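Down below are the structures I want you to see.
Two complexes come next, and they have one chain in common, subunit A, joined by subunit B in the first and subunit C in the second.
Up next is the complex of A and B:
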């Protein structure tokens, strides 16, 4: 993937100047500059990612000696093998997958349930309910009161603490609602009514099948949000068997804590320091890959979603 | 599953002979108008009970996880203790707010928070606009699509991993950043251990992460520009840059104003997770902001001070709300585009 993108800049300068439409000379220069700037910018975005990916499959001592610049030096998969020696990474990965899948499902269902009625014309009390949702975007109880609520519900140190407090994002409700208002015309609703279709039936049989793009976007955003979230785990969880991957990543990457008791094979204790260096790069890759694999499939809906979402209504 | 219902819905009007003679428009209108005003409020509520039933779960969630904490905010005015609970704890009025304003931390926290946010705003707010304008002029589909694919990517990387990247890349011994400046003869710098560099690293790693995705909303706004405008301008001899400036940019301004208002409203709440992750004992001088301080005295400390931390958090939220309202009023008057 990276090789083709690495070559963008030079290629495009050529293509840009040869543009088919009758550009003036100064326009051609402007276009060439724009293509070059965009190409360089893409390189700047990619470089850290490619570097870390290369470092993760390079020989640790070569990385430390600064011999890795772009491509792997002394190819080895030791760093990835080290991950399997460290128990909490494996459980953390499993936990994160669970939180992402369960969290995305719960949150998407809640979002659709909130957004559809609020998209319907003439529902009594709609304005008030909408205001109740939107107000929470501008003002919130804050960290401690929210923590106390989660505590009182007895959710501390349970998997629910990861899923329930993050189960609805008002912004997603607004976008989803606007999507419904644009794609489900009032005539269709009326026709369904005349036909004797109940609101439940209409939602299930007409609205949902017409809303696959917005459902996909919701699922993606909530799943990525769960996968990437670490703060809820930090404050609500103390049982390390429940920790998501991000908390483990923080310990190893940022706080440089490697816990010897987490190692399956104690004979490797000798290499603790070395292991830690190896783990860093491979962990970044492991933490980064799942969202990066998923988002391109939903990418085409982003601009359309933003367009729909920016319509006020 | 959808098939039969849809076709039935479509053919329904023709099945009714009297209505079929009218034009489809008039028929539709007549039905809508006849259905609505005739019904009383009570009947309309009963007719829609299934919609309310759908709203029930989200509303319960909202009550528990958004409004219950708002009620809990009153502990900012009380001496909260676990045994008496929120309601039973004794009132202390403004004690904790006074304590915060008079504490030696106060000005340092305000300064750090505002500096960090304003720096971030000034440095990174225009970037997605420029990026969107550039992407919009690109005619090669494959180029603009892959540029978008690449620039969106960092948005999907977690804060922990981004900070991890910064840590790894700027490591004084092994980081590639130090090797680069080493080539120019500069000694190794502990970037994250330097309070003077904290803000730059925070802001520019943030630009790396967010600017591509932030351009989406501007790209969406640009799709509303009618192509005839550009064609007419080309006939008049306007250069590409002139068209960007006079046609594309004005189409973006309303969206930009709204985002700016939202940004000003959150001036006291910087990207809290990231600041917390980037903090260490060496850079705390510039890296301690209101939210991280609330977390530390409220939850991370051995003797949690719930009431004091809540008071500081409330102080921040109220100022944020006031700024949001002010910015909105200002924008409505001068930029003719506002949130409400």
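Up next is the complex of A and C:
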């Protein structure tokens, strides 16, 4: 629409700029279908979030009785207060934030350093290196050998075990490499060289400033990945002070699914149920908030960076 | 940890002079129990842990590394109040390595073992008997028999109190690869055969508590007809997926312990699910279902759904339920005398058309193996055995379960306090589980909670009325109908090949039987149709019932052998 208007000659203005072009019947149907479909998708994603948020501030017995279905019933913040009774939840949250931030930084730096050389034509053995990267996407050493490596590197039961193993995602390297290939033409490198710029100088002064979208995408991917992961913690950590939030959350959800026949103590079973009912939703909300806060800030880069990277791969 | 000889005074009074040597089995005890703590009251004929004054096990500086599950309630194991108390009492320092608990715990444990990153011991890791046997034979877990005979005075007492103990602790090669724990939950023994009815409703329809399957059916039909839940919402009898129906109803037709449906007759292991009596039972349950007397989703409803049925706003809509305890579908926390859960009471088993009336009874549930598993890396296993044994002393059990002694946790009972079975109580318990963290081990440690100990808790209508209710109805309604002990298939340990075979066959068999049970009950298969019944028996045979029974028979014979 706007381009059409801009192209109009001044004389044509009197034809009336306010009247939009009429959609055809089939257009209208198509638009209606698209809106319905998107609306349904939106609902399918929004509803669980709203439900969990409502349940987290509702009276737990009302939630158990199924009285909460959209809005809070019997508003209370007890569930959030209860969280602070558990030191492991609070430290878990802090740890998760640390792992997400540190993990994202380390991984992004590695990704950029790997992707840029691979995007340049002159790199000797480029095909081989790329093949080696891709090989690891399909084959891995398996749990025990990886565990042995982590153990012998002395990473076991340290924060590094959460950050270093599998820090680099080959998928992200490919996206980033493609982004560089598309946005940083060889000619720019040559121009830089003519002006006496070294490879590192070029990377630092020209490539990085031009790559904000892809950096943002990488940071986001890695941070969210770290935030949601629990398996490395499960396998490599044996110190409660290092556990991320997801391990704690998982424990609460699993532990309360106790088989009633295995439970020697009815009172303990009841208590576990109460604990779950009390903490489940508030913990999920707490687990949801940081990614929700970060998304809006990176979103504008996100679409741009990921799209450019994924096209013409 | 350090090795070398030292002063062993046992976790109990003045000890012998044994150092690290504990080879020959059947050795005379090297330590003697400490003196009884003064001022602790016990009921007459009490069987269970005794409070004793103890001296530290050792004066050396020793420490062990132990893998434990991470738990919200225990918090940081190394700063936990019970940990500190136990360290002070035993003189043994433990470096805890906390592993995230849950299904993946074994993944981590297996990775540690495979990588050779082995601690001195594992505490509260869910080992199966067959795993213990396997790792024991591989030499990863040493045989503890000699140490148990020589040093574990409290365990020795428990083994006398529970005569089957040694048989249950032993692997097929007669060795003991772990330190066990006792939790004799009397009412759990009847848990599988338990069901409840709404007694207010029974009165309202003017009938008596049913004694036979026919009367039961009549009662549920009356519930439905009277629509006591209102608006056609009445569920005469409710079940859900975590609480199988067959363990209650089938015992009116034949002895049925429930999954994996094994029983022993004249020394032969057999299954219940292909017998003609099973089919008669299916016809009965199908009849109830077809008349709308059981909730439509009895096989698919989850615990949340079950709770929704139980806690409907306004009036109750559930006439009865097959559950292990009321807390599964009702809100039992309330102390209100008119709280809904008070409408429900347990029903005894029903007498079937052929006069069968049994309650499935668990004779073996009190002892759990694998609680503390010592590995070959531990250089002083006898010290860890004593460390574990210390936890079976009465005061340690109370602290481990409820936290440090005090008015808001637990205290010794006064003369005249009555326990759950109406005798002199041993302790009062007044702790607030929900708001306690870092004070106790929340039943992860080694315990000796005998029936006498459990019912030695002072009765308090606000705190443990539910537990008392379970105890009473077990005594009144279920124990009189229990099957003979020799009919129950005991927990057996299998060797590696047998275990692999058993795992595969039992997975297939269990899913086939469960699925067909649901189909026969809901009418997708007709139990009155001979072809459908014979097809089902064929399917079961084809899966490999014969080899399955052979494996179990071998395990059974090894257990008794």
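In this text, the second predicted complex is superposed on the first by the 246 of 313 C-alpha atoms of A that agree within 3 Å, B and C clash if a C-alpha of one lies under 4 Å from a C-alpha of the other, contacts with A are read in each partner's own complex, and residues count from 1 in each chain.
Rule of thumb we're sticking to: a contact is a pair of C-beta atoms (placed from the backbone, for glycine too) under 8 Å apart; a residue touches a chain by one contact, two chains touch by 3 or more.
A quick note: this is a predicted structure, and the numbers were derived from the prediction, not measured.
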Per-residue touch tally on subunit A - higher for subunit B or for subunit C: B
Under the stated touch criterion, which partner chain does A:66 make contact with: subunit B (first), subunit C (second), both, or neither? both
Based on the superposed arrangement, let me know which partner A:298 touches: subunit B (first), subunit C (second), both, or neither? neither
Looking at A:86 after the superposition, I want to know if it touches subunit B, subunit C, both of them or none. Which is it: first, second, both, neither? second
For A:235, decide between first (touching subunit B), second (touching subunit C), both and neither. both
Where does A:155 make contact in the superposed view: on subunit B (first), on subunit C (second), on both, or on neither? neither
Once chain A of both complexes is superposed, is A:102 in touch with subunit B (first), subunit C (second), both, or neither? neither
So, A:169: does it touch subunit B (first), subunit C (second), both, or neither? neither
Return first, second, both or neither, reflecting whether A:147 touches subunit B, subunit C, both chains, or no partner chain. both
Contacts of A:250 with subunit B and subunit C, given as first, second, both or neither: both
I'd like to check the shared interface: which positions of subunit A are touched by both subunit B and subunit C across the two complexes? 64, 66, 143-144, 147-148, 230-231, 235, 250, 254
Please name which positions on subunit A make contact with subunit B in the complex. 5, 8, 12, 15, 19, 21, 23-24, 26-27, 30-31, 34-35, 37-38, 41-42, 44-46, 48-49, 51-52, 55, 63-64, 66, 68-69, 110-111, 113-114, 116-118, 120, 122-125, 129, 132-133, 136, 138-149, 153, 164-165, 167-168, 173, 186-188, 190-192, 194-195, 197-201, 203, 205-206, 209, 224, 227-231, 235, 246, 249-250, 253-254, 277, 280-281, 283-284, 287-288, 291-292, 294-296, 299, 302-304, 306-307, 310
Contacting residues of subunit B [partner subunit A, same complex]: 1-2, 5-6, 8-10, 12-13, 28, 31-32, 35-36, 41, 44-45, 48, 50-52, 54-55, 57-59, 61-62, 64-73, 75, 86, 131, 134-135, 137-140, 143, 146-154, 156-161, 163-165, 167-169, 173-174, 176, 179, 208, 212, 216-217, 219-221, 223-224, 239-241, 255, 265, 272-273, 276-277, 291, 294-295, 298-299, 306, 309-310, 313-314, 316-317, 320-321, 324
For the complex, which residues does subunit A have touching subunit C? 61, 64-67, 85-89, 143-144, 147-148, 151, 156-157, 230-231, 233-235, 237-241, 243, 247-248, 250-252, 254-255, 259-261, 263-271, 273-275
For the subunit C and subunit A complex, residues of the former touching the latter: 67, 70-72, 75-77, 97-104, 107-108, 111-112, 114-115, 117, 183, 185, 187-188, 191-192, 242-243, 304, 307-308, 311-313, 323-325, 327-328, 331-333, 365, 433-435, 437-438, 442-443, 464, 466-467, 470
